[in-house]
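Take this structure, written in structure tokens, and hold onto it; I'll ask about it next.
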Amino acid sequence: MQAVKKLEIIVDSLRLKQVIRALEEGGIKGYTIIDDIRGKGERGIQDGGSFMEALENSYLITTCPPEALEQIIIKLRPLLEEGGGVCFVSDAMWLMD
Amino acid sequence: MQAVKKLEIIVDSLRLKQVIRALEEGGIKGYTIIDDIRGKGERGIQDGGSFMEALENSYLITTCPPEALEQIIIKLRPLLEEGGGVCFVSDAMWLMD
Amino acid sequence: MQAVKKLEIIVDSLRLKQVIRALEEGGIKGYTIIDDIRGKGERGIQDGGSFMEALENSYLITTCPPEALEQIIIKLRPLLEEGGGVCFVSDAMWLMD
Amino acid sequence: MPIDFLIENLSKTPAILFFILGFVASLLNSDLKIPPAFSKFLSIYLLLSIGFHGGVELSKNHFSFHILFTFLAAILLSVIITLYVFLIAKQKNKKEDAIAIAASYGSVSVVTFIATLSYLKSLGEDFHGYMIAVMAVIELPAILMGVLLARKINKDSKNQKNKMPWLEVFSNSSIILIIGSLLIGWITSSAGEEALKPFTQDIFKGMLCLFLLEMGILVAERLSALTKAGFSLYSLAFILPIINASIGIFLSKLLELNKGDALIFTVLAASASYVAVPAAMRIAVPRANIGLSVSLSLGITFPFNIIFGIPLYFYLINLFWK
Amino acid sequence: MPIDFLIENLSKTPAILFFILGFVASLLNSDLKIPPAFSKFLSIYLLLSIGFHGGVELSKNHFSFHILFTFLAAILLSVIITLYVFLIAKQKNKKEDAIAIAASYGSVSVVTFIATLSYLKSLGEDFHGYMIAVMAVIELPAILMGVLLARKINKDSKNQKNKMPWLEVFSNSSIILIIGSLLIGWITSSAGEEALKPFTQDIFKGMLCLFLLEMGILVAERLSALTKAGFSLYSLAFILPIINASIGIFLSKLLELNKGDALIFTVLAASASYVAVPAAMRIAVPRANIGLSVSLSLGITFPFNIIFGIPLYFYLINLFWK
Amino acid sequence: MPIDFLIENLSKTPAILFFILGFVASLLNSDLKIPPAFSKFLSIYLLLSIGFHGGVELSKNHFSFHILFTFLAAILLSVIITLYVFLIAKQKNKKEDAIAIAASYGSVSVVTFIATLSYLKSLGEDFHGYMIAVMAVIELPAILMGVLLARKINKDSKNQKNKMPWLEVFSNSSIILIIGSLLIGWITSSAGEEALKPFTQDIFKGMLCLFLLEMGILVAERLSALTKAGFSLYSLAFILPIINASIGIFLSKLLELNKGDALIFTVLAASASYVAVPAAMRIAVPRANIGLSVSLSLGITFPFNIIFGIPLYFYLINLFWK
């Protein structure tokens, strides 16, 4: 097993493509996406019955080597600052190596 | 980045509103919800093809400052004791500040 | 609260049953499943508009006592080696005891 | 002989064959599954269509004391069944579980009800439209009894920290939907019927096939979950529909219902809820093992009724109504 | 008197009663909810059906300058409304929020539009098929104005780090779907119409009922979210449809539209978008609080229009067209 | 000339235009997407409807040796294609990937098949109902060959730690659904057909439009994923349908099929599976890159067939059948 940093990102579904682009620029190769989720944050309730895409969130999980984290955050932070959304970083072990 | 406690709560969908109420009483401002998931626990398999709401789970993710955790748990625990469901607490870093 | 190991497993939906079988052989009693999610990994993009099941992932969350982890990994690893998929392990606290 | 009824029933109704297909697929360990969002939609569709249809039919019937008596008898029946099943079930189960089981058998399975209507139609047998309205209101008394029993238990055990969330218990989505659609059908009457016919009637049988396909899968899953429950519980799920059907036939005779209405009334008695009541009990009796009551009502009683029960009950009614 | 129109409107159209059912269910704290995947499908279905229908109708009309003028007037109307609403809304809101609100009111609510068509049909009132095409293109100018306003604001605040993603703004799914379906209807014309009729027309009213059920739930949720906004915003959402309807009626008179077309034109003006425009603004003005604009357009203006507005506007049109 | 066929094909069938719409939307980077739960439902609907239809048709045909020979020829064809494609594909690919590709081309694309039927209907060309049943069983031999090849590879590499999960491979949801529906159609025959007609037939074309819209989006996504594969793979996906169609036409001539049946038989040969076979191979050959085989069969062969192939093959058949 191998130590990695796990990132969990929750953003507007409509801005997910931009986030993926930023992550890939930061060197991310793998990720998992859960679409069409709801939530509440600083910008109020996001719950559009899903046909109002503007009120829908997506949840993205990805991992990176600890030393790559800073580079990724540099790419990611301006996006979240501009358009809202959250990101949690935590420690995990990656099973396969 | 800022240290936070991350809570992951899995409960019957029908009792989710009560959980949110408890969390908000405990001071929670933001959360994310994934609806309509299934699982297995002490009370057996929860998988109702989703039209049997009584057999459907929801997954709620939220974060709080480490010092606020205790207050939230006080609100949350009786609900889970009464009606089942689980909660995991872990450490994470919150990207935006 | 009680210290546990949290496992997050992302595999092809079609192989989920095998994973659950392996986990249960390893002693797991409870888990949560989010179906029908997408992602990208070593084997390329998994996103089949969901009617192509072969291109669909599932996300499984489970916990175990720290001392049980090794036994579970022994069961799990060959499955992921053979058919792809990822597993992250992290530390968490279990609220109810 | 009932066996002819049975084969007729099977070879003419695709819906029941799709139920069997789902069941077999699940036994074969197939990955066949209606996506959850879609099976929830199907369930909404069925409730809306049947409720709306019932409302339209009700708007066409003039009020009569006969109709009123049928309603009252159905409510009484529901209360009696809930109570006696509770007394039996609590012998070998936790009281909370007994409440969930009792309320489920006191109520009705909407899909069994629908299967009954199409069985009658396929035989060209008459029935009154207001029977659909009877079915729509019959969910309520069983839930009410469940809540009252729950309060009694809590009082006994002085375990009354949380107030009963009455509103949430009764504003359960299935109940709102069927009663709301009933009202809308009643208000819009034939104008509404004409507007919605292609949706609520023409494609109804097809939608039902898909729903029963999913039901077949779920029944098989429930049955394999049942293996851990005891033998007495299994047999209960076979015996209750037969006893309740007998009460239903007896009451129907007393009420002088025609044969079609009698079968419907009997099925109201014999079937058990696995949607509305478990959802209500999940809130009213949170400590109950809801999965157990669903395993009985959905895993055994439901397939028993739609495959054997309906033709059998109608065979009996034909005997007694001669 | 409008009150008769209103009662007629309600008692004959199940769709609006289902809207009210959803609304009431939500107030009763019910768990009733159309599964998200399904409500997204319903929205796709409605856009596809209405766009396709508009295209087929357009293919049956010969080009005329009268049609062209109607298109141009609608575009002009949309631009004017977006601009004046922006000027009003920016008084008490962030500029970004004002843009989102303005573009929403400059555009149109497809469901309000559909409700208008079925209102006209239920009255047996004529209208031209190309009005559907007018509606389909009217989403674009408001979005364009929104984007131009956003660029101006950014220039003023020298806050121009990211380029405007033009393509993404206009390739919004609702826009692609309605305009694409319009083209397909136009190309396949009556052959296509015949092939798709059972799907796009026969079950349309039923699908609309389900969608309005969900809308009722969402409106109730939006209203309770509104409680935190100020009074001036509330009143805006009531006043804007009335002002815009007046402009619409005035322009319709100038264009010498018949009564049916006039009502449609008026509703284009009076209604506000809560799907396509918010999605486009989410990308064009990421810092805006989109929830706010949706609360106004969906929470207040939408129910106001479908319950009171449509019969009221038509009452006025009947007065003026005499 | 085929070009006329092509334009006819396009301007009359909304379904193919919706496919193009989805494709274009994806190229424009639009967020248009059928919700996954709904596209899975659409796929279930199509399989159920076509299987059921095939069963009903089969029940109307008397058994004949001609039918039997057609079945056997189709199975033989499938086996031959799987084997020769494997031999070609393994030259430049991993053996596991070659198996997945070969089994996919040995099987059939249900949607291409459906497009063929509606093409024939639009031309008023006759075909036999049992050809649908031929299609329904043709998925099996290719999967079986895939499994046998996989076992051989494993034996060669002594890599046989896990037993082949036979049941799971063949109880794949698409296979269960199409064969189950075929049986149900066969049992319930015209009674069943009448009951389900509004659902399985009337709204079929509309549902197909929605499904093809989603297919267009997925094809565009697959094509952009292809850019990383080599040139030889690309060309394979163009050449295989042409070779296989030629074999299909040749065999059809030998079997003395009528023109309609010949086109269907040819399309069985020319099309490749991207649902059932990849799902089966995912289990039988877990180390294979399933995405690759789907990119070829769905990304290239599928659009090639439904836009150019079908009219082209029919043009050739018309030449040879004179």
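Here the chain labels run A, B, C, D, E and F in written order, and each chain numbers its own residues starting at 1.
Everything that follows uses one rule, which is that contacts are C-beta pairs under 8 Å (C-beta built on N, C-alpha and C of every residue); 3 or more make two chains touch, one makes a residue touch a chain.
Keep in mind that what you see is a predicted model, and the values were worked out from it rather than measured.
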item: Neighbouring chains common to chain C and chain E, by label; value: A, B, D, F
item: Most distant chain from chain F, judged by the mean position of its C-alpha atoms; value: B
item: Pair sharing more residue contacts (C-beta pairs) when A-E is set against B-E; value: A-E
item: Chain whose Cα centroid lies at the greatest distance from that of chain A; value: D
item: Intercentroid distance (Cα basis), chain F paired with chain A, Å; value: 37
item: Centroid spacing, where centroids are CA-atom means, of chain D and chain F in whole angstrom; value: 41
item: Distance from chain F to chain C - Cα centre to Cα centre, in angstrom; value: 33
item: Rounded Å distance, chain A centre to chain C centre (Cα mean); value: 20
item: Chain F, residues touching no fewer than two other chains; value: 29, 31, 33-38, 40, 173, 198, 202-203, 279
item: Where chain C touches two or more other chains, by residue; value: 14, 34-36, 50, 53, 90-91
item: All touching chain pairs, where touch follows the definition stated at the start; value: A-B, A-C, A-E, A-F, B-C, B-D, B-E, C-D, C-F, D-E, D-F, E-F
item: Residue ranges of chain A in contact with chain F within the complex; value: 13-14, 17, 35-36, 50, 53
item: Chain D - residues contacting chain B, complex; value: 33-34, 36-37, 39-40, 42-43, 161-162, 173, 214, 217-218, 221, 225, 274-275, 278-279, 281-283, 286-287, 289-292, 294, 298
item: Chain E - residues contacting chain D, complex; value: 11-14, 17-18, 21, 24-25, 28-38, 198, 202-203, 205-207, 209-210, 213
item: For the chain A and chain E complex, residues of the former touching the latter; value: 12, 14-15, 36, 43-55, 78, 82-84
item: Footprint of chain F on chain E - complex, ascending; value: 35-38, 40-41, 44-45, 48, 52, 167-168, 171-173, 176-177, 180-181, 183-185, 187-188, 191-192, 195-196, 198-200, 202-203, 279
